[in-house]
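Scrolling down, you'll hit the structures one after another.
Two complexes come next, and they have one chain in common, chain A, joined by chain B in the first and chain C in the second.
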Partner chain A sequence: MTEAVSAAIGTGGRGAGRVRGRTGAWMRGQGFWLALMSPVLLFLIVTQFWPLVDTSRISVFDYQPTRSPDSTFVGVQNYVDLFLNDRRFWIITRNSFLWMLGSTAVQVVVGTAGALVLNMNLRLRGLWRGLMMVPWVTPVVVVAIIWRWMFDGGENGLVNYYLGQAGLLSDPLVWLSSDVWVWPVVLLASTWKGTPFVILLVLAGLQSLPGELIESARVDGAGAFKRFRYVVLPHLRPTLAVTTLIALVTVWFKFELIWALTTGGPAFATTILPIYVFTQAFRDFNFGMAGAVATIAMLTLLTVVGVLGLLTRLRKEGSS
Partner chain B sequence: MSDVRVRRAVASVAGRYSAVLALMLFLLLPAIWLVLSSLRPNREIFTSMPSWSFLGLTLDNYEWALSERGMGMVQLLATTLFVCATTAVLTAVFAMLAGYGLARYQGVGARAAVVILLLAQMIQGPMILIPWYSVTAQLGLLNTRTVLILIYQTITLPAAVWLMSSFFRRIPQELEEAAAIDGAGRLRTLAQVVLPIAMPGVAAVTMYAFILAWNDYQYALTLTSSRTTKTVQVGIAQVMESLGATNWGGIMASGVLAIVPVVIVFALVQKTLISGLTAGAVKG
Partner chain C sequence: MSHTRRFSRRQALMIGVAGGAATLTACTGGGLGDGRSQSDDEGGDGSGGSLEIVWPGTSDPEIAVAEEFGAVMAEQGIEIEFNFLSWADMQQQLAVRIQANDVPDITMTQDVTDLVGLGALEPLEGYLEDSAVDTTLFSPGSLEYSTIDGNLYSLPYLAQAFTLIVNEPMLAEAGFAPEELRTWDDVVAAAAAMTDGDRYGFAYPLGNPRFAFRVPLTMGYSNNLNLGDPDPAAEQRWLELLDHLVALQPYRPAADVAWDYPEMWQAFANGQVGMIVAGTYFSANVQPLNPEALETAVSMPYPAGPSGEALAPVSNAGYAIFSGSSNKELAWTVLQELASPEWTARLAAVVNTPARADVTIDDMADAVAEVYPDAVEGRLTQLENDMAVIQTSGTPLKQIVGQPEMEAEVQEVLLDLLDGSIERDEAYGLLVERLGAIADG
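For the complex of A and B:
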């Protein structure tokens, strides 16, 4: 990588005159910019694109490095095992969709509401906008500490205590050990962590909305809801599409929040495909199987993103 | 008549501020609760009902968090600071060059470069971890800070190049053309004309890279575990698993210490960073 840079700098820096011929002319033209980009692009290809390809390559091998250093080609056997013989797989797939769509939807809705709030005429608006980013900078393990502590299963856990006081709970609920109640906690924690970034993006979209548009709608007698529905929302649509996409990808690969909170449990109740890759690879050291799960996880993401893209495109054509 | 109008105005102000209050409570209360609990004597934490009082607070938990016999946060913070700062500086240098190139390049494959950067942001975590683990194990790089600094570039570079190029695009090209007429080479133009103007952007991207690296847990969890290489998050999580719920006070104090560096870094560059992040997203 450093060689590429020094080469680029060397030829680029000497400039006109010394470098002759076509290459020289190219370096003095567009080639210079390409040379500036190439170290990073090459690095990303080697460290991200190649590993992606390699991950799907090992998915057709039986490769368990702690048992034997060799890998044997098994075709689609890993996939067949997952689909037919692994009961957990389908639960995990269901969890994955629940998590991906649920967490993204909640984040986008809460984030949009938050952005509308922070876009209002307020004193100290800058301060609020800075403070709201606190969850975004909080490392996931600390997020896990916070939410595990708030949803502590004892009767003096914050949430149990107040729910008890309000008469909504007679006995303390052991949130994180329950197949059902673990989900609200995980979703709440991910909303807390993810919403600030959504607010940030939607706020930017709102700020590009001309004030006169809203004003003229107000003059025409449109109420707050109608103004939102017919003026603000159509303007926000492209921003919301990009935001949803970003939230979706983040939620999918940042499985570490779930891991820190529940390690995918109780049992496999909160395990999603990316977590399953992790446990297959680094608990069971079954790299071949992990590769198969990873490939499925990638295809799942691409499908969801593709469907989303198609929907927004259809929407656009439908409205124009 | 005016009475009604005054009342309506008051109601609208009250509505606005209660909405902000609700939002801020949701986003800040959990963090405030963490800080308050970390200051409470450990024996009180479990035995008594939740308390928001500022009375009877203590720094005992912080002593435990920092001491070598407790969490050992001094070592953990030192390791993490070193890894994240190195990551940030490397990212800044390479993303600055690449971002400048991306902002100005118009030749063959300009779109391909953009696509590579966008796709790279989608190829993360579990999709690349297995080869990274195998290869770094063969190279003897497991459990080193080097491997973390390298893999963190995959988190930071795609976004950083993107941000840098959006900062560079805002700089009028006439400045560079003028410098070229004066006979300055392109690298000199970059160093002496463009960079000084882009400096706030470069600083913001550096800090952004630092925050992203600080927020990683999965890579550190997979690739490091020894005493001198594990990061703050791995260290705290390990203690949390082994101690279970016996010393929540100390764990929470460690959690507070783990947030402080990123909050400071974020506060330093808040404005430029937010404008950069949002400009890129809305256009894209």
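For the complex of A and C:
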């Protein structure tokens, strides 16, 4: 063996050793956990990330397969059409914010109040806690049918009937076609359906509140409101932040309740962006435009969640 | 110890890679995403094999017919997998499957326009030429509804007509007989006479875009007007239609602006409403609510408008073969069997009317007795009446490209017109502008 060959082998051997060393170190570090997580990561990439990317890709094409089998690259034209030429888009965007913020706010407020009640020493507390879950486990379509019947605009509607009996209504009110009343009804139905989830999370947060804290506040002379304001609420803040975040995301995309209750009507009065995505894609077969609406919906949600996360972080940093 | 630990990591890596591969395989449909159906490897000569049929008939009798048909085919060595889903869900599912090149073999279908637009359906002309199917036997309008650019895309088994349905006792109480309803003015007069307290002469379910469109569509056919064609030459007929809708407004329940079909059926079955625009699917929807309503209801073509004559637009429900099916010959064999008089009679007993003239009331009587035990006479009367309406006043329902988009526009404009937000002329202008934009693509 020549010196050169021997040197080469020597160098190669040291190089390979270094590579093995680096690989081993990487494996001992993040590689091992990455390998364990890879099935889940692959699943998320294939079923979540790729569809999101592809939706954004479609949004820059004119793709209406029932009119033409070919898709044409149009750049941002779909977005321009939505922002400038679609007379419904801004109404639908406003509706989406009303739906997301209104529904979430009411759910969190009512849910927190409900959790406080269910955390008290009530008789048959287990039964009430169990019954509280009924709306949450009832299928959305069933909920919508029940609420649709309750708010039927004729004399047969349950709400009209009882309000009439109580002398509060002389003529039946057509709730679901009224520009004034349709949103309160939809938000009420959404609150009824979604509040148990908030109650569940807040109740879990309350269970972790040490009894000694409340007791010492009481000994110090704090009344019920002050105990809630200065002891319970600060303790619940992280739970409420997470709950609000989850509720925002689920409410934003949960369009089936509105769809089953009003089909987005009257006209487009209760249509929100996810409903618009659905109708553009599967009613009008305008996949390019549906992609643009979906991308905007996605970015809007990311922005809202980002702002909320930032606010929570700033508050946390401020308090620490 | 360290050796054992490294070995475990390698094992974990292998498990991870294998798991990832399995996940990918599962997510990509197990190899079915290449446009070939499961029947690819089966024989295509009609002697055996397997097929998937999309069957959007989810009532118990319709599922029972499918299962019996499947059993009969299985005896002949043909395995049929039925995909049961609602008509509403069908369009969505098929759209996704067509995009993914994962199509079934056969589907029930009504309006073939979108499926043909998607390039998904196989033209049937070539198959018909070599078969024993006699196309002269089909009801007026039923074959035309499945024909686009001269190509037939589905073989009809049911004919469906849109008609005016009248509660005869309510009409008689108001001093009218069904045969006296000859013109739009007669309809308004009858509606006015029937309206009394909490009973109304007419209902228009405006809560759902599809039905908000279907009512004026049906009326339009009796006024020589196609709602999908906003031709300026048709202005007078449009204005007459809008005037007619406004004239009926005082005789409708205020709540019907938010109604879908179920609320309308309920109001009619309860005798709260005297007249509705519906169709030959009336029996199947009203029988569960009030079987007696089948005996007291009379259907007729919508009476003549000022510029037209009384006509009933006829569409169909048919069977179509997907062009992506690799077992088309077998699919055609099965499709002919499905569209035979025997199986057509079974399904027509449930809903609508048979698309073929060689299926008679007697052929359907046994199945009617099974499906409508509380309303045998009523259902047979409805069938007889509907078949006569189609024979005498049936006219092909024209396909409208972009109809679902138009439905939403018509609903929005008519809601504004009927609640007084806009006047007739403005409503006409908006309809022409918006429907024209959709028609022009």
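One rule holds for everything that comes next: the second predicted complex is superposed on the first by the 281 of 320 C-alpha atoms of A that agree within 3 Å, B and C clash if a C-alpha of one lies under 4 Å from a C-alpha of the other, contacts with A are read in each partner's own complex, and residues count from 1 in each chain.
What we mean here is this: a residue touches a chain if its C-beta (ideal position, glycine included) is under 8 Å from a C-beta of that chain, and two chains touch if they have at least 3 such contacts.
Predicted, not measured: the structure shown is a model, and the values here were computed from it.
**Student:** Clash or fit: how do chain B and chain C relate after the overlay on chain A?
**Tutor:** clash
**Student:** Applying the touch criterion given at the start, work out whether A:Pro172 contacts chain B, chain C, both or neither, answering first, second, both or neither.
**Tutor:** A:Pro172 contacts chain C only, not chain B.
**Student:** Which of the two partners, first being chain B and second being chain C, lies in contact with A:Arg67: first, second, both, or neither?
**Tutor:** In the superposed model, A:Arg67 contacts chain C only, not chain B.
**Student:** Just to be sure I read the superposition right, which of the two partners does A:Met100 touch: chain B = first, chain C = second, or both, or neither?
**Tutor:** Neither chain B nor chain C is touched by A:Met100.
**Student:** Looking at A:Ala204 after the superposition, I want to know if it touches chain B, chain C, both of them or none. Which is it: first, second, both, neither?
**Tutor:** A:Ala204: touches chain B, not chain C.
**Student:** Touching A:Thr47, do we find chain B (first), chain C (second), both, or neither?
**Tutor:** both
**Student:** Taking the superposition as given, does A:Phe32 touch the first partner, chain B, the second, chain C, both, or neither?
**Tutor:** Touch status of A:Phe32: both partners.
**Student:** When both complexes are superposed, which of chain B and chain C contacts more residues belonging to chain A?
**Tutor:** The larger set of chain A residues in touch belongs to B.
**Student:** Between chain B (first) and chain C (second), which does A:Val304 come into contact with in this model arrangement: first, second, both, or neither?
**Tutor:** neither
**Student:** Tell me the contact category for A:Thr279 with respect to chain B and chain C: first, second, both or neither.
**Tutor:** A:Thr279: touches chain C, not chain B.
**Student:** Which holds for A:Ile296: it touches chain B only (first), chain C only (second), both, or neither?
**Tutor:** A:Ile296 contacts neither chain B nor chain C.
**Student:** Of the stretches 3-11, 21-29, 75-83 or 129-137, which one in chain B hits chain C?
**Tutor:** 129-137
**Student:** Let me check the overlay on chain A: which residues of chain A are in contact with chain B and also with chain C?
**Tutor:** 32, 35-37, 39, 41, 43, 47, 65, 152, 154, 281-282
**Student:** Quick one: in the complex, what on chain A touches chain C?
**Tutor:** Result: residues 24, 27, 32, 35-39, 41-43, 46-47, 64-67, 69, 152-155, 157, 171-172, 174-177, 262-263, 265-268, 279, 281-285 of chain A touch chain C.
**Student:** What does chain A use to touch chain B in their complex?
**Tutor:** Result: residues 5, 9, 12-15, 29-37, 39-41, 43-45, 47-52, 54-55, 58, 65, 114, 117-118, 120-122, 128-135, 137-142, 144-147, 149-150, 152, 154, 156, 158, 161-162, 192, 195-196, 200-201, 203-205, 208, 239, 242-243, 246, 249, 253-256, 259-260, 274, 277-278, 281-282, 287, 290-291, 294, 297-298, 301 of chain A touch chain B.
**Student:** Given the complex with chain A, which residues does chain B contribute to the contact?
**Tutor:** Going by the criterion above, the answer is residues 16-17, 19-20, 23-24, 26-28, 30-31, 33-34, 37, 46-50, 94-95, 97-98, 100-102, 104-109, 113, 116-117, 119-134, 150-151, 153-154, 157-158, 161, 185-188, 211, 214-218, 221-222, 232-233, 236-237, 240, 245, 248, 251-252, 255, 258-259, 262-263, 266-267, 270, 274, 277-279, 281-282, 284.
**Student:** Mind pulling up the chain C residues that touch chain A in the complex?
**Tutor:** 6, 9, 12-13, 16-17, 19-20, 22-24, 27, 91-92, 95, 98-99, 113-114, 117-119, 198, 206-209, 253-255, 257-258, 260, 263, 267, 272, 401-402, 404-405, 408, 411-412, 415-416, 441
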